[in-house]
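Please go over the structures that come below.
Look for chain A in each of the two complexes below; its partner is chain B in the first and chain C in the second.
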Partner chain A sequence: MSGYNVRKLKEKLFLFLIGALTVLMFSPLFHIIYSVFNNGIHVILSRRITFITGRLSDGGIGPAIIGTFILVFLASLIGLPVAFLVGVYAYEYPESTLGKATKSLLQIMLEFPTILVGVFIMQMLVVPMGTYSALAGALSLAIIMMPYVAVYTHEAMRQIPFEYRDAAFSLGLTRVKAVFRVLVPMAKRGILTGVLIGIAKVAGETAPLLFTVGGSYQTYQIGITKPVGAIPLLIYTLIQSPAKEHHEMAWGASLILLLIFLGIFIPVRLSLREVKV
Partner chain B sequence: MKKIYTALTVFVLTLGLVASGCISQEQGEKTLTNTKQVPQQQIIIRTTGATFPMYQIQKWIEIYQKLNPNVKIEYEGGGSGHGQEAFLKGLADIGRTDPPVKEASWKKFLATGDQPLQFPEVVGAVVVVFNVPGVNELKLTKDVLAKIFLGEIEYWDDKAIKGVNPSAKLPHKKIIVIHRSDSSGTTAIFTTYLTQISKEWSEKVGAGKVVDWPVDKMGRGVAGKGNPGVVAILKQTKYSIAYTELSYAINENLPVAALENKAGEFVKPTEETIKTAVANVKSYIPNSTQGYKEDLKQLLDAPGKDSYPIVAFTHLLVWQNKEGKHYSPEKVKAIKEFLRWILTEGQKSENLAPGYVGLPKEVAEIGFKAVEMIQEG
Partner chain C sequence: MIELALETRDLKVYYGNNMVIKGVNLKVPKNVVFALMGPSGCGKSTMLRAFNRLLELNSEARVEGEVRILGRNIYAPNVDPIEVRREVGMVFQYPNPFPHLTIYDNVAIGLKLNGLVRSKEELDKRVEWALKKAALWDEVKDRLDDYPSNLSGGQRQRLVIARALAMKPKILLMDEPTANIDPVGTKKIEELLFELKKKYTIILVTHSPAQAARVSDYVAFLYLGELIELGPTRKVFENPEHELTEQYVTGVLG
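Coming up: the complex of A and B.
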């Protein structure tokens, strides 16, 4: 009987420990969200719409918001199709030399220092073009986004039981059709998660933009060969200032960035859960 | 699942629409403002580089844009090194660098076939700040300052500190020395000054953007990222001392130590003491068409009874625009006007941000001559 009690106690203790550690792990996240809301909300409330649409000299971060959207959109346009195909390729030809190389190269790319990507693009694109541009920024973001999406695609495809593949072939489908009509749709949950993580990752990147986009906060300049701003870059610049008003703007900008991030992430995440496999 | 795809597609399309909407809106706005004011196109001037003068330049930009709605000035940080490179490659119209470009690298700029011009725009100071409860005034001799950062003076109530601060209530507590963890121009200025005043420092540590702090090995050194990081640690750590830029000390209301200058006087960083120091090293500032012989040393530890010893310069780089190599005629006009404004109106106290000091007239004159040299092509 006492042995049973001890075991019960051990179980409870273990559950409590795991629960406590989980809370501990997530508390920084909630603290970040809380402090960003707390410090940012009054900045936005006091300036209202000016903060969203105004230029920096009016006390707004409008050009930076637009810039972030343009950069993420362009980076997705460049990066996602390539990354998706690379991921599928690495899954389809795991034994080939190129497939093996792709897999290990993807791992290296994941860990690649992002600032080096920025410097590389600056030398390759910005200097020859003679101007900072949204294109250069989007390209460096795409380079950072691609390995995430490719690795997730690869992993998602690998989780599909092999029988589905057999079944597809037995129906007389060609390899291309089997992969893109049967296997990819089955793995779309994992692939979409990868896409989301990739997008979320680059939406908050600062380092690769430092030497590529140039920044545009006083004017709305739109065009892929023109310099643009970005919210993370603006925050980075503002917090280096000694001035309180700059720090306040940085908090407000952080809140906007967080809202954009949550606004994309939460709905897609929630709707993904309903998918029946 | 299809719903999500549709939703995503709609989202992406809306984004595109919003973006294109902004383009047309912007053009509409432009024509509107243009009809109201002078029928002139909007001119964008880009400036890149040093972050030390950021607060000041943002303030100038804000005021200047109100006076000249057609001119927009885009500010970008990235550091002095990046400022020089972006300027050299033609990515920025006006480069900003704290340490001046030296003669050796000047040739690289001349190789473009255009004449670069370099001149100081505004000055600040590197100051020694401290957090010792009950102590608001502190005098430090050169010897004491070096020894504190070398770690040789361990306690606040050391004889050497007490000797120059007889009235201060110094506690028997260990001195915590805070320094920068990142590569920093502020560190370069401060350590260069220490090598000038202390032989021991120059032999043991030396000067640079990053140095090996001897106090770290003694367990009394703490590192902070950027000036904001250093200031935040100082405020939380009792009995600590640090170096930072004057603007941070003023904005955060930190007590600042009076330092012994070349003439042996104790001087606090104020507008007068900094201006005096700048005026006294004026002869080392070369003509705007030449690189500096030496970058920092000659500008530090200025002679004169009232000179603050650690003055921080920051310089502008602009092209002379021979044969219109770098700027269009409209841009030249805007750049010249902006720089002229910086060197005259911009130097007045109402247009200066706290912690920055305007140039003495004779030093501003160097810049003024440079601006007049810029060719409208």
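Coming up: the complex of A and C.
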């Protein structure tokens, strides 16, 4: 064989190897989605609406679903405005000491072990209040959500070409008006993406809830100072039980969580594709 | 004595420690097209941005000396740059209408956000007036709610001109407004300049001596941050005083 052919063969082998590794890397993702659907669908179909609305004793995960929605809603209420403003600040004052610190701190916060956030909130809120609460869980989730939203906001603003910034200021707009009335609306799609990714991220978080929400699955709690449930936390609890019946419910709950996640994530991906066109 | 639209006194601009405008004195009479020409990188855009204090968006940039607009030094300590920018319109090298706003809103936004109109009718009128002034009205009057992405490059640039005119500026700064426009669009914008100078003073940056010769009444030649020559356009082109100017207008110099 000539040197040329050997080289070509090597190249093909190499490409094949990379392709195979890529498939290998993503295969768990597809396996997770497949097995969650496969195992979860039976439970949901056999119990129908009870699974969504019923209490744990009825064979449903209603309080956990409501709990997740309450937690995500409250976390968004607390976290989104702050994170948005922080992201805009980092964009608008990139050279200031605080601006530079903000950018580094956001990166650290993004990678921070989430269980430590739970421990922190437990000390700050749960212990003094003497009870687990939706508020404590929401605060933990807000802390985890904020860096995502802030980083995405910052990035979306930075994508705006400089010409538009020039244009806004050349019209004699104040900084506040130029930024919030012209540039932010221009970046709204990117910012919204960050918001949804932040929400999707915390909707599935377990660790920060372990020491904060308490987990309440037999009653529907009203009031943010009472313990609540959450789907990921419920899955964690059910899996630890030896009962097969509980494992089945965990699969069903996993499917619900997956659907919520995909329900947020797929629109985000689709809208991202739209931006490029 | 002719009344001056703009005058600079020993204007210097630095980026960090690098001086890019090196003590320029120039006078721009009212109601003329004043061309600022020179090779790429000589400091034309920088100087133009000193005329509406837009340079201040860049924290590296520092200005020394005076820029007087209708007699008032805009770098005096009590002058608000926001006020200056409302009185001095600017058009850029790359047509930059806001892509997320309709044609109408692009023209209206400066007026709206600065609270310069009292009613919707007044706003409608002013938008129409500005679009007519920019010679764009006939082309867009039936699609004011469209987005600027559907316009040609030349139309977009005229939209930006309308956006600036809507503010009723005293001076209009234009930084190579036809650099990214096709020949037909360029011709329209150049014709527009003749109309506009009846009411406005236009300072036009161009790297093309031919364009300066076509459209301007006065021309200044800037080279490496220094003002080499300034005078009535015909005089500068036909009988330049400086060797460098001659080389530039005949195309010997980049």
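Here is the rule we go by: the second predicted complex is superposed on the first by the 239 of 277 C-alpha atoms of A that agree within 3 Å, B and C clash if a C-alpha of one lies under 4 Å from a C-alpha of the other, contacts with A are read in each partner's own complex, and residues count from 1 in each chain.
Everything below uses one rule, namely that contacts are C-beta pairs under 8 Å (C-beta built on N, C-alpha and C of every residue); 3 or more make two chains touch, one makes a residue touch a chain.
Predicted, not measured: the structure shown is a model, and the values here were computed from it.
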When the two structures are superposed on chain A, do chain B and chain C clash or fit side by side? fit
Under the stated touch criterion, which partner chain does A:Gly3 make contact with: chain B (first), chain C (second), both, or neither? neither
If you stack the two complexes on chain A, which partner ends up touching A:Pro28: first (chain B), second (chain C), both, or neither? neither
Under the stated touch criterion, which partner chain does A:Tyr217 make contact with: chain B (first), chain C (second), both, or neither? first
By the touch definition at the top of the document, which applies to A:Val182: first (chain B), second (chain C), both, or neither? second
Would you sort A:Ser241 into first (chain B), second (chain C), both or neither based on which partner it touches? first
Comparing chain C with chain B, which touches more residues belonging to chain A? B
Smallest inter-chain Cα gap (chain B/chain C, superposed on A) in whole Å equals 10
Both chain B and chain C touch chain A; at which residues? 188
Okay, in this complex, where on chain A does chain B touch? 57, 66, 69-70, 73, 126-127, 130-132, 188, 192, 210-211, 214-223, 227, 236-237, 239-244, 246, 267-268, 271-272, 275
Touching residues of chain C toward chain A in the complex: what are they? 52, 54, 57, 59, 82-87, 89-90, 92, 94, 96-100, 109-110, 113-114, 160, 163-164, 167
Touch list for chain A against partner chain C, complex: 95, 161, 163-174, 177, 181-182, 185-186, 188
So in the complex, which bits of chain B are touching chain A? 1, 3-4, 7-8, 12, 15-16, 18-19, 22-23, 25-26, 42, 44, 46, 48, 51, 54-55, 58, 61-62, 65-66, 72-78, 82, 89-91, 226-228, 245, 247-248, 250-252, 353, 355
